[in-house]
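Down below are the structures I want you to see.
In the two complexes below, subunit A is the common chain; its partner is subunit B in one and subunit C in the other.
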Partner chain A sequence: MATVGIKSTAYCLNFAPELALHYGGTPSQERHAKPDSDYLKALPGQVQSYEEAAGYAPNKTYIGAMSVDELAAAPAPWLEHLGAPERYGRYGEIMPEDEFIGFMDICDVFDLIWLDKDFAARIREKLAQDPVMGESQMARLEAGHEAAEIAEAVEKHGALPLYLDGAVVGCCRRAHDTDENLAAHVMLENLACKASGVLALLHLIKNSGLTPGDIDFVVECSEEAVGDTMQRGGGNMAKAVAEIAGCGNASGFDVRGFCAGPATAVITAAGMVASGVRRNVAVLGGGSLPKLYMNSRDHVKKGLKALENCIGSFAVLLVPDDGTEPVIRLDSVGKHSVAAGAAPQAITSALTYEPLTRLGLKLTDVDKYAPELHNAEITLPAGAGNVPEANFKMIAALSVMKGQLKREEIPQFVAEHGLPGFVHTQGHIPSGVPYMGHARDAIKAGSIRRAMIIGKGSLFLGRLTNLADGASFLVEAPAQTDGSGSTAGVTRDEVRELLLDALADLAANLQKN
Partner chain B sequence: MGKLTGKKLLLLGERDGVPGPAMAAVFANSGAEVLFSATECFV
Partner chain C sequence: MDLENQQRVKDAAEKVGADNLVVVLGSSDPEGAEIYAETVTLGDPTFAGPLAGVPLGLCVYHVFEEEMKSEADPAAWEEQISMMEMVLNTEALAASVKKMRDANSKHTL
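== the complex of A and B ==
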């Protein structure tokens, strides 16, 4: 059985309420359709401050400043019980918006981001305090431009203003005069995704105790399309991210699959490591600028804070299994085939029951399931339900159908095998992978033995197919005995049989001679 | 004759709920005409 070690993980949030207000998909479309709407008037009054976002329990859980168990025990609603603000956690950080604007400039190699020179000077001091910011990154921060230059770029050349506290502190310029694929709003989306991905990779390198030069390969799995009019979506975001992080020995490529992208990318990367094609692979995803404030219309209508104010990112480092780190089992990969159908029950069966049955395991043998881990305080007011809980109920119902659970045990199954959603509605970002860091910690601490990561993607949004997709895999302790007789390594019985076979061969050969 | 005979349907499915094609399949023999069926995602 092929296994791959999870060496380290990183999870970051980039607090970006001004980017959300001006360039989030929902407010942006509303501004074009109904610029005087009550929603747009009310939205600026219902934003979180950085301190509120950094004290919000789900955000702290995402960056590893709280454990999942601590989140589950935290008083709810979390929005009304803010804790002490934490910028840094075990996995990463919540970067304030001013620094993120400066960091986008650091990640910009075509001089598209222009910063006001006073702002650039201020931000240089702040960014230099970040423990993952190295000399090579800081050297890329521009000195800045006169305010008049930025105003001219915005007014005459299609640049988009970048705001902080309502004031213009820079702009994102278009990368081509006529190519809409390189328009300023596309470049801003891609640079935001790139910068958030770089931040996660820098934290991953720090968390793993490696140097940037140790990274062999990068697989990127966001939902942005990188390219011009001749090859829209050509990629390769992975190598662009690796360059800024100083990973000079790495190459990379992108994997796309909507929200199933991260799980698929992890499986792809694990296959490369297990086969020896790559020494190690960093799988990472930057976040989505357009999804900021995606459901804010409903949040505003209900008088709630607009919580979709952070661009999320993650990174995991996969290495050969040396028996010391929690592993991904490549024989546990779940596949949602074309013929499986689009019904939620069919998808759940294909991603959970089928791979587990193949391994001789029951649905109840998985300690924790990690499907899409959206924060219900974001989705419930928007009418999108409690997504992770719906998934846990579906898995529990499937367990009952398969005779592996009694009907009355469903609530207990959901409580024990599920976990509270704690991730921003950033599409691919919540898709199972945010639990990999917590699962790794819990397995190392011995509090769980096995977790299943599940990603599901809405392929139909691209209007080329009505299909969805999904992928899943198990994370376990290394060389684990599961109690059913099979193990992550070779069993004692198998070793005994091999020895007996070898002795029988030896005896036969001796008799021949 | 079902009560949907002659009706025209616009079906909007939700990714984590009931997808559009599943609803279209349910209404296939209802006598109604499915004008549009799609699944959306809000997360």
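== the complex of A and C ==
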């Protein structure tokens, strides 16, 4: 059995309500189509403050300031029971928007982000307080520009203004005069994704106790396309992120698969580690600027806060299994094949029942399932239902169909094997991987033995195929290993037989005596 | 209902005639199912798509309604739909579409 250790994880949020208001896909499209709409007029009144976002239980759970069990026990609705704001958690942080704008400049190597010089000076002091911000990052922050220069770039050269508290504090310039793939809005999306990915990688390095130079390879799995008009989507976001984090010994590549991307990227990276091709591989995904305020039309209509105000990011570090860290089992990988079909039943079976059956396990042998972990307080008002709960019910129903569970046990299965969704609707980000940090902690604490991470992607959104995709894998407690990444291969039954033989010998000897 | 699907329904109604068309919904959410049913009978309630102000009055069912289930191959139903039948609130889904159909469909099976 090939296994790979999970050395550390990192999860960050970048609070960005002004970017959401101006450049989130839904408000942005509405501004073009109906600039005077009631929705756009009402939206600024439904905004969360940073303190509210940092005290919101699902956000605190994402960065590891709360455990999943604490979230499940927290009074609901979470939106009406805000806790103490926490910027930092065990896995990462919730970065305020002013610092994120400054951090995008740090991550910009083509002088596309211009900051107002007063703002730049102010933000330098704040960013320097962040424990993951090193000298090499701070040295990249520009001194800033005169307000008039920024205004001219916006008015005459296609730059997009960057706002804070309604005032312009900088801009994102276009990277080419005529190439639409290098237009300011595309560059802003890519820079926001890159910066959020860098932040997660910096926290990952800190959490692992390694140095940036220890990272051998980076696999990036966001949903952004990097490239000019001749090679839209050429990549390589991974290496661009590694450069800013100071990972001089790393190379990298990107893996894409919509929301199935992160699970697929983890499997890809684990394969490289298990085969000995790379040792310390970071898998990471920056977040999505266009998905900010994606469902805000429904939230505003129902008088709710527009909750989709954070760009999410994650990173996990995979290393050779030395028997000390929870592991990914590569023999447990689930695949949704082309021929499997797009029915939920076919997808659920391919990703859960089939790989477990291959291993001689039942659906009830998995302590926790982590499918799409969207926060239901975001999705329910938008008519999209409680996504994780629907997935747990599907797995329970499949267990009933396979004779592994009684029908009346479905609610109990959902309660015991599921968990509350706590992740922003950032497309690829909610898809299973946000639980890897919590699973690692729970396995180390002995509260669970086995978790299944499940990613599912809507490939049809790209209009090239009607197919969906999916990938899954098990995370388990480490077995005794010989240090080579493969276990010694002794099963429980074999141990039982050895013990019985020894007892029989003992009994025979006692009789002789 | 997204704008593309609204256009598909509109095109199909023009091509084969509203009287020869049945819309079968697979929505997992009763509220959503009701809005889809409203869209193909009264028109797009958000006034954003091709069916805005176009009351096609189509015959519309949810796949979990008995009239639809009885038409399905039992083996295919078992393989593709039975799991979701166990998961979803089939009665609420059927009721929400029936309510809209009874009130607004101009055509029947």
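In this text, the second predicted complex is superposed on the first by the 479 of 513 C-alpha atoms of A that agree within 3 Å, B and C clash if a C-alpha of one lies under 4 Å from a C-alpha of the other, contacts with A are read in each partner's own complex, and residues count from 1 in each chain.
Convention: contacts are C-beta pairs under 8 Å (C-beta built on N, C-alpha and C of every residue); 3 or more make two chains touch, one makes a residue touch a chain.
Please read these numbers as outputs of a predicted model, since none were measured by experiment.
Once subunit A is used to superpose the two complexes, subunit B occupies space that clashes with subunit C. Looking at the shared chain after the overlay, A:Gly209 reaches neither subunit B nor subunit C. In the superposition on chain A, contact is made by A:Asn466 with subunit B only, not with subunit C. In the superposition on chain A, A:Gly427 contacts subunit B only, with no contact to subunit C.
Look at A:Lys393: by the touch rule set out above, it reaches subunit C but stays clear of subunit B. Contacts of A:Gly45 after superposition: neither subunit B nor subunit C is touched. Residue contacts after overlaying the shared chain place A:Pro344 against subunit B and subunit C alike. In the superposed model, more residues of subunit A are touched by B than by the other of subunit B and subunit C. In the superposition on chain A, A:Gly446 makes contact with neither subunit B nor subunit C. When both complexes are overlaid on chain A, the residue A:Met401 reaches subunit C alone and has no touch with subunit B. In the superposition on chain A, contact of A:His374 is made with subunit B only, not with subunit C.
Put simply, subunit A uses residues 343-344, 383-385, 390 to touch subunit B in one complex and subunit C in the other. Note for the complex: subunit A touches subunit B at residues 259, 294-295, 342-344, 372, 374, 379, 382-385, 387, 390-391, 425, 427, 430, 456, 458, 460-461, 466, 468.
The residues of subunit C lying in touch with subunit A in their complex are 28-29, 31-32, 35, 79-84, 86-87. Across the complex, subunit C is touched by residues 341, 343-346, 348, 383-385, 390, 393-394, 396-398, 400-401, 407, 410 of subunit A. By the touch criterion given at the top, residues 14-22, 38-43 of subunit B touch subunit A in their complex.
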